[in-house]
Structure formats: C-alpha cells, structure tokens
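One structure, as structure tokens, below. Some questions next.
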Amino acid sequence: MRVATVSNQGDAADDRNSYRFASSDNTLGRLVIDVCGISIGGPTLAVIGGPCGVESKEQVFAVARYITESGVGLFRAGAFKPRTNPYSFQGLGQEGIELLALVKREFNLGIVTEATDLESFPGVEKVADVVQIGARNMQNFALLRRAGISEKPILLKRGQGATLEEWLLAAEYILSEGNARVILCERGIRTWSNHARNTFDVSVIPAVKALSHLPVIADPSHAVGRKDLVIPCALAGVAAGADGILVETHCQPSSALSDGQQALLPNEFSMLVNQAFKIKNSLQLVDTNNGLCF
Amino acid sequence: MRVATVSNQGDAADDRNSYRFASSDNTLGRLVIDVCGISIGGPTLAVIGGPCGVESKEQVFAVARYITESGVGLFRAGAFKPRTNPYSFQGLGQEGIELLALVKREFNLGIVTEATDLESFPGVEKVADVVQIGARNMQNFALLRRAGISEKPILLKRGQGATLEEWLLAAEYILSEGNARVILCERGIRTWSNHARNTFDVSVIPAVKALSHLPVIADPSHAVGRKDLVIPCALAGVAAGADGILVETHCQPSSALSDGQQALLPNEFSMLVNQAFKIKNSLQLVDTNNGLCF
Amino acid sequence: MRVATVSNQGDAADDRNSYRFASSDNTLGRLVIDVCGISIGGPTLAVIGGPCGVESKEQVFAVARYITESGVGLFRAGAFKPRTNPYSFQGLGQEGIELLALVKREFNLGIVTEATDLESFPGVEKVADVVQIGARNMQNFALLRRAGISEKPILLKRGQGATLEEWLLAAEYILSEGNARVILCERGIRTWSNHARNTFDVSVIPAVKALSHLPVIADPSHAVGRKDLVIPCALAGVAAGADGILVETHCQPSSALSDGQQALLPNEFSMLVNQAFKIKNSLQLVDTNNGLCF
Amino acid sequence: MRVATVSNQGDAADDRNSYRFASSDNTLGRLVIDVCGISIGGPTLAVIGGPCGVESKEQVFAVARYITESGVGLFRAGAFKPRTNPYSFQGLGQEGIELLALVKREFNLGIVTEATDLESFPGVEKVADVVQIGARNMQNFALLRRAGISEKPILLKRGQGATLEEWLLAAEYILSEGNARVILCERGIRTWSNHARNTFDVSVIPAVKALSHLPVIADPSHAVGRKDLVIPCALAGVAAGADGILVETHCQPSSALSDGQQALLPNEFSMLVNQAFKIKNSLQLVDTNNGLCF
C-alpha cells in the first residue's frame, strides 16, 4: 500500500529535536515570568486588559483606571498596529508609546504592546514590560531574532495559520538568541467555521503545556471577534489551563478606531475577571498518568 | 468594486428564517429535557459517560458501576458503530442493545446510544432513553426524519465539516417532524491544526445558545482523540456554557476495541466529574447587554 | 521529544491495507466503465452535462437537445435532491425519474442521477445508467452497501470534509459488496478560502490515480458555485488528468429552482466541451520515474 | 432571525474600495510585465524554473543549462531562505546572490530570487530581475513597503492562510508606494486535506483575474510538495488561465539541501514545459457574459 498522506509541515519536520530550548524536555519545571510583580506561568491567573489601540490620553487613562480597580496589573494597547489594509488606521506610533509610558507611571501597570517591525522595536522595548509579536509576524524571522536579543519578555502570538510545531519553532528563534522569557498566546486559527472571526483552538493550550515549559495565555477577543463570545471563551481558556488571558476592553466600544465589536465594557470586564479567578482557583491538578480500575 | 467572497453555504442560505423551530426567537426560554430524572439544559450540568462501544456484559457493568459511584446518571455506549473502514469492528449490534437494557435495569442509568440507519432505529429506540445521531449522519436526511417521529429525545452530533447554520438546519429536520426534544452536541471540527484529531470548536457553544433554545453539550473525547487533552477540553466546554458533557471512559483503555487512546480511566473520570461540577457552580450569568463607563 | 501531531483519521488508519478493492495494487491497469457506449476511464474524456434538478419536461428536453448537439452523451439531473434546508425544493422525486426515462428514450443519452436514500434507490436504479451518491451521503454506510449490490455503476462524490483515504474507504464499502464499477468525483472541499463556495482540490485527481484504478471525474460546478470560475476549473481538472467532467448547464439559469448561479448557458457549455477535448487530446503521458541529468 | 455568521477578515473588510491600485476597475486592460524580454501577463506562458536553493556554482550552472535548452528564460533559486526551523539550512546568502549574478551573465537568464527581510533586500534587488516576497512574509508590511519603492518587479506569493482579499491588500501595500509591477503567485493554502503538503487553490487564478489586472502565476511545487503531483497541477494552473508557472527542478533532487522531494528531473521539466505550452496555445478566450438559449 502506498502512502495517502504527507506531512504538511515542510522543513519544520526536518528534525524532531528542533525546538530544544522551547521543549520542556530540557528544563526543570515550568517557567514563571515576573512582569512588574505579576507572575505569568505560576499558580495565579495573569490578566492583561486594555483597548485594541492607543487612541488618546483620555482613552487609555479611563481604561487603565477601571482595569486597575478590577485588580488587574497588566495593560495592553497597540501604538503600532499591523493592518491588513494599507489605508486603515495604523496606530499613533511613537506618540502612542509615550502615552503608554504615562499610563505606566500614573497607574503602576505593566505595559504590553506590539513591535511590528525592526524600526519600531527599540522604541517599544524602552517602554514595554512585555513586547508583543503579532500573529502576522509569527514567521517574521528577522523580527524574532531581534526579540531574541531583547531584555524584555516577549509575548508571541500564534499565527492564524500556524501549527503548534511551527509556533514552538518560532519561539525557538527567540530563545536560541538568548532571550529565555517567551509567553505564548493562542488567538484563534483560520478555519471554515463561520460563526466567529476565527476558531479559538482551546485544546492547543494543554497541548502546548505537554510539550513546553513556556507559559501560555489565551486571547479570546481576537479569536472570536464577537463580544458575546469573548467571555465564554476566556473562561474556557482558563478552564483548559491557560496561565493568563488577554482581553480587549474599552469605555466606548462603538467609537473605537479598531475592533470595537469585540471589546468588553468596563462592568463586563470586571465580571469576567471575577469569574476567571473563580475558575482558576477551582482547578486542581488532575494526574492522567495514574489510575486503576476498582 | 466587485465581490471577492461568496457564501459557502449553498441552499442553507436560501432563507434566513429556515430554522424556525430550532430558533429561540419562537420560544419562551431555554428547553430543559428530562432524561430518567436528569435535566439536560437546566442549571445543573448533565454528565454522560461510558465506553466507546459495548464489548461485553463484564465491560459495560464495570463501567456502569464506577460512573454511578461518581454520581453520573447517564450511560453511553455504541452497539451500532458507524466506521470509516468497512473492515473495522462495527459493534455488537442488537446483542449490544440488549446488554444496554441490562445496564439500564441493573444500575438505573439513562441510556444514550446511536442509531446508524433506518434499519437499526426501531431496536435502538426501544431501549435508549436518548437516541444519538452521529456526526457522519448529520445530513442523512432520511434518518433525521425518522428521528423526528421518535418519542425519544435525540442527541444530534455536529458533523465534522458542518457550520453552525447547517447543524441547526439538521436539527430543524427533526423538529419539523414533531419531535421537539433535540440535544445538540459539539464533537470537534476538521481543520489543518494537527496536535489533536479534530479542533474542539468551543466558541460554537455560546454561539448556539445565542440562536437556539436547544440544550448543547460538549464531547471532548471524539474532538481531540488524546486522553491528556480530554479533561482540559471538557472543563473548557463547561466554562463556555455547555449544558452537559459526554466523555469516554473505560476500565482498560489499552484493550478497548475502538478509540482506547481517548478513554479516561475510572479515577480520571471521577476527578473530571468533580472538577466539572465545581466550574459549573462557579459560573454566574454575565449580562453583556448592560454596562456604562464610570 | 514527544509527538506534536496526531492522525486526524480515526479508524481509517487502523489498517493501511483497508482499501484492498479500491487499490490499484491488486489490479492490472486502470478500470474503464462503459456507460451507453461512452467510456469513463479510457483515453477519451467523458463529459456529463445537465441542469442541477429536473424541473419539467420542457426544461430537460431543451437541455438534452443542446448537450446532444455538443457531442455529449451523458445527461445528469437530480430528481431526488438532498437539501441542507428542510424547507428547500427537494426535487420532483419519482415524477422526475420518469422524465429522465423520457430523456433517455428520446435522446439516447446515458442518465446519471442521484439516489438520496434506501427508499429512492430502487426507482432511481431502474432508470439511471449511473447512480450518484452525493457528497453528504459519502459516509452513509447503509446507502453505500445498497449501492454495492446494484448492477449499475456508481458515481461516488467526495464528501466536502473527506480526506482521500476516507473517500477510498467509502468506495471500498461499495466494492466489497460486489459492485466493481465505481466512478469517483471530486466536487470541492470546505476550507476558509472564501472567493468560491468550496475549494476545488485539483491535486486530488492525480493523487487518486496514484493509489486507485478507479476512474475519477471533476465536478467544478458544485465546487466553486460561481459560473465565471466553472470553465477554468473544468479545464484545470482535465489538465490534471481527470477522466471526465460533470458540468451544470441550464437554458435559463436565472430561473433555475436550485444552483442557477453556477449553471453554464448553452453556448458556454458548448465552448467548454470543445476546449476540454482539445486539452485532453494535447496531454501526453509524462513518466516521472525516469530521467537523468545530462 | 439573528446572524449566524461573521466576516473572518477583520480590517480587510473596512473598505471595499481598499485595493484601488490592485483593482482592474481603475485600469485599461491587463498588465504585462517585461522581464529580460519575457512577457508576464501577455498571451504567451511565462515559465520560471530552477532549484529550491542556490547550493553551488556547479549546481546552478547545470540547472541553468538545461532549463535554457528547454526554451525557458527565467531562473529562480533562493539565496536567502526563510525557514520554519531556526536550525535548518538558511541559504548561502550574499554568496548565493553572486552565483545568481554569474548565472545571469553566463546564460542570459532573468533572475527571480527572494528577499527575506529589509537587510537582504538591497543586495537581492541589485542582481534580481524579479524580487520574490515569500508566503510567510505576505503580511510583513515593512518589507512590502520596501518592495514598493524598488525599481524591480515583485513576485508576491500568497500566504498559505491568506484570503484572496488579503492577498490583493498585500499587493496594495506595494502598489501604493509607487511600484506598479506586481506579479501574484498562488502556491497552495493550508487545509485539512492531507494527500499533499498544501491544497493548490486553482480556482483563485480566475478569481484574481476577475478582480485585478495584475498577472498571476502558479507555483505547484510548493503547493503540493510531491513530485508526482507537480506536473498535473502545473498543467491545471495553465488550463485555469495562469500567466505563468514557477517550477522547481534539480539535477539530483535526492541530494538537494531543501525540498528535494518536489523537484522535477531535467527531462521531466522539459516535458512539462512542452505540455504547458500546448495547453496555453489551445486555450481560447471564453466569454461568459453572452449566450442565448436556442
């Protein structure tokens, strides 16, 4: 019988030992990354909140205020926005970074923000506590190598068309340059299932944890693109073992310059945070390796 | 500018009012289905457990015993098995149905089992408390119409290539014949993501609930096909709002005649049930329609 | 290193020798099926044309007339229509079969038409020269077994979510019952690519031919669902080695009761047929097993 | 009835007029790009051949010799190779570019080669007659903008997870910077269909041509990753209306440093070229806008 299937992974499959730094085979226990006093990868859930993009000082301060009141210590907003459409709003750029520096100083929040290219990286890196590499850049190898020599932790989003193995190999680009602090982030994959923008691939969370010691968080907002599905999917991510969640929230979603339809209102955000902590606390370690029939 | 995209739904899209019975527009509140005293669709989680297939009296009794001890009241096992390969084990057939009747009598468990075609339907229907229509048969319209005149509730699995709309239209085939008691079951969709057998599409659970009053349950076992991912995905389904879970469990998975690699051991099953109830209980209704910026 | 990928084929993979009758390993040369004097699987291209559904005597006679004038000898139209939506037009049923019998007698055309379930099978079989099993029924195993005891050739459409291996195993259900005359038909697969209804998976045509001696034809009409893409895709199928094409055509597509937007007009159909024969004739066997560097 | 589906295109859909330069609405007729005397986009088929990567002078000269003898005027080989795995062979880099300059001088071939990042772009641009942007970089916007100020034509591969609209918007990034000479290249998309590495999306070729005046070519080698499927898919691409094909060929595929299993041997390449020209010549323009029922 001849073979009916082939690998769809190209050179990813050249060497099964290829993600040596991303693999938990070579580490003792899971990685915990401290960001401004918040642990990512430890027993407590890390929550990152914020609007899609930095729009104004008023906007980021308003959001920073209520997420702080919800007990959340990490703020995410994009100053540099990668956009599919060249004519879409591309973010405030360096001016946005300076507004994030103000947020950091005023609210004592850890800042997560994206570097979209080599040019923006140094400015982002100066202010950010975590530098995000976006889904479209997951295989932008020059950018990954640059992230690898940064002193800041890197939040690496899974590409919407990337397998788990390709994602770990992208992390390997960063890790092999010397930066050991990589946080993986599932943000939905592209499938034919059309009730949501992307398909939130919740099973990849425990699957990553079976292979790698790196922390993994869930971004339901970009995954589903519909506000009514964001809360259930965030909770699903926590229940599946995510070390954290990244959720978009905005005072006035309807006037947001991007992605307003997926942003939670302040009270929704606060309820989600409460609920997510409850689920995280209810989880006990379930050992799937022992068990006898009685 | 001309159109770059087309609907991929064929005649599904002919009429947006086409799932009139499956739509919650035409009902008052959610549907709760009572199966042997267990509510499916109400505030409590419904757990259905059992092996993939009926293999022997010893096997089904052993499993029935420990799932009962875990507080679970619904037992599922297949007597008629639809198999991709014509030479694979096809189930014990009517003999298996009779073993399920013994389980029902001995353990007072509600029985969920599949009818694979018109021929097997009457025998299945006689014993089953819920008749399952499998994923491959989701668009077997003759079978759906037959289910529509049954007096038993129907568990309708989503086809692995079916959109939410097609799934609701399949339910509509049953409902429009007069059988109002349909339970929807998400069991994973086929995508290119290759760390699990299928992609567990967790966001479809709240998406179904936004459109339909029918109860929806999650089957993580068939979705992921890997035991270590079953528990996290089951919990994810509960956190996302599923009304129940359907989980495979077996005393000796390694000797199971089908799907052994995804079956939980007795103690794993029991831990999962505990955990799942904790999460269900921690969930509060989150209203996404109100919220002001303070 | 632990494994990052799993098979997504379930029991299909139980046994690599499982499609023993569908495999070319056990045959001498390719299968050629004669249908009313038209060879399917031989050196000449087989063209099957017709409207989506039988609507009236006038309609089928008008189409039969011009496809005959185009030199086409096989007529396809559906009397029994499987529909996603229970309230859509389901075909004329037995009355449609009788109209097809008239077409056959009047125009001396071979008739290809679908049997959607066990009930309709005998009536369809009596008139049809080829019985079609539709994409939604590719894993309706009771129907496949029934097709396996028919004396008519079976045209087996690939399910829109089926792998090549599952398709061959579906053929195996028919072949293993004794009916050796199966024609495979690629009709598009469901993916996220959204410029067409489905993705016409042209590479599956040579991939099937590498594994099986069964003839394989292309159905671009259902694959793409857009008339302007039907002709290029039909020609692509021929260039890729298809033994035939199945193309929808209608005198007045805008008034068709189903799928009008993909039906070719008479003159378009005739041009396509000419073009397709030219390409088929220009193809030479290319042997990929020999070749030296000079 | 509430909505069951959402756009999966994010900001791509912000503005349907967003690919104003890539759209044929704003041009008179199709774009023809001259590369070293070879027209891409005109009535003649453009063939680009070569090995996956530049490995040595002997290797590129050997391939250049036989593709020239086959009547092919464009040579493609990668000096800078984007690799999923950080430890895979990454190409000879600038040394490879210099070998390509030798090929150009010695054989008078037009050179197509990839620039993987901003750093490599100027060196590539100096020698290349067409600069390739690879599939992984289709949304590397900094690189696209750099390509937009180049004086060389750009071959823009479709991302393996990109819709037609996203692909045209990526082209728009280049076009809007002033470089009007963009060649689109379909190279397969990622789906669950597992008989080939990727699914060669042949219908996107006529779909692009319905929207844009830009030339579009087919790369079956990367699409399918299996030598026996490359020739049928190349011919399918031509039959579907591609303006050209890009095919990998190598003297000793088994010893190639990358992608050997998809490279054609010299005589296979030569046969393919003959066959492809025959099909191109047999194609007549088929007008789908006129047609009456007789």
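When the chains are written out, they are named A, B, C and D in that same order, and each has its own residue count from 1.
Throughout what follows, a residue touches a chain if its C-beta (ideal position, glycine included) is under 8 Å from a C-beta of that chain, and two chains touch if they have at least 3 such contacts.
If you're wondering where the values come from, they're calculated on a predicted model, not measured in any experiment.
Peer 1: Quick one: compare the interface residues of chain B with those of chain C and tell me same or different, with half as the dividing line.
Peer 2: Looking at both copies, the contact residues mostly coincide.
Peer 1: State the pair with the higher C-beta contact count; candidates are A-D and A-C.
Peer 2: Comparing A-D with A-C, the pair joined by more C-beta contacts is A-D.
Peer 1: Which chain lies the greatest distance away from chain C when centres are computed from Cα atoms alone?
Peer 2: Of all chains, A has its centre farthest from that of chain C.
Peer 1: Measuring centre to centre with CA averages, how many angstrom lie between chain A and chain D?
Peer 2: Roughly 33 Å, centre to centre.
Peer 1: Approximately how many whole Å separate the CA-defined centres of chain A and chain C?
Peer 2: A distance of 45 Å separates the two centres.
Peer 1: Which residues of chain D are in contact with two or more other chains?
Peer 2: Only 4-5, 8-9, 161, 163-164, 190-192, 194-196, 207, 210, 226 qualify.
Peer 1: In the complex, go through chain C and note every residue touching chain B.
Peer 2: Touching chain B: residues 4-12, 14-15, 18, 82-88, 116-119, 136-137, 139-142, 159-161, 166, 169, 172-173, 176, 190, 194-198, 225-226, 258-259 of chain C.
Peer 1: Which bits of chain A are touching chain B when the two form their complex?
Peer 2: Its residues touching chain B are 8, 62, 66, 161, 163-165, 189, 191-196, 199-207, 210, 223-224, 226-229, 231-233, 235-241, 251-252, 264-268, 271-272, 275, 278-279, 282-284, 286, 288, 290-294.
Peer 1: Would you pull the chain B residues touching chain D in the complex into a rising list?
Peer 2: It comes out as residues 1-2, 4-5, 9, 16-17, 23, 25, 163-165, 168, 190-192, 207, 210-211.
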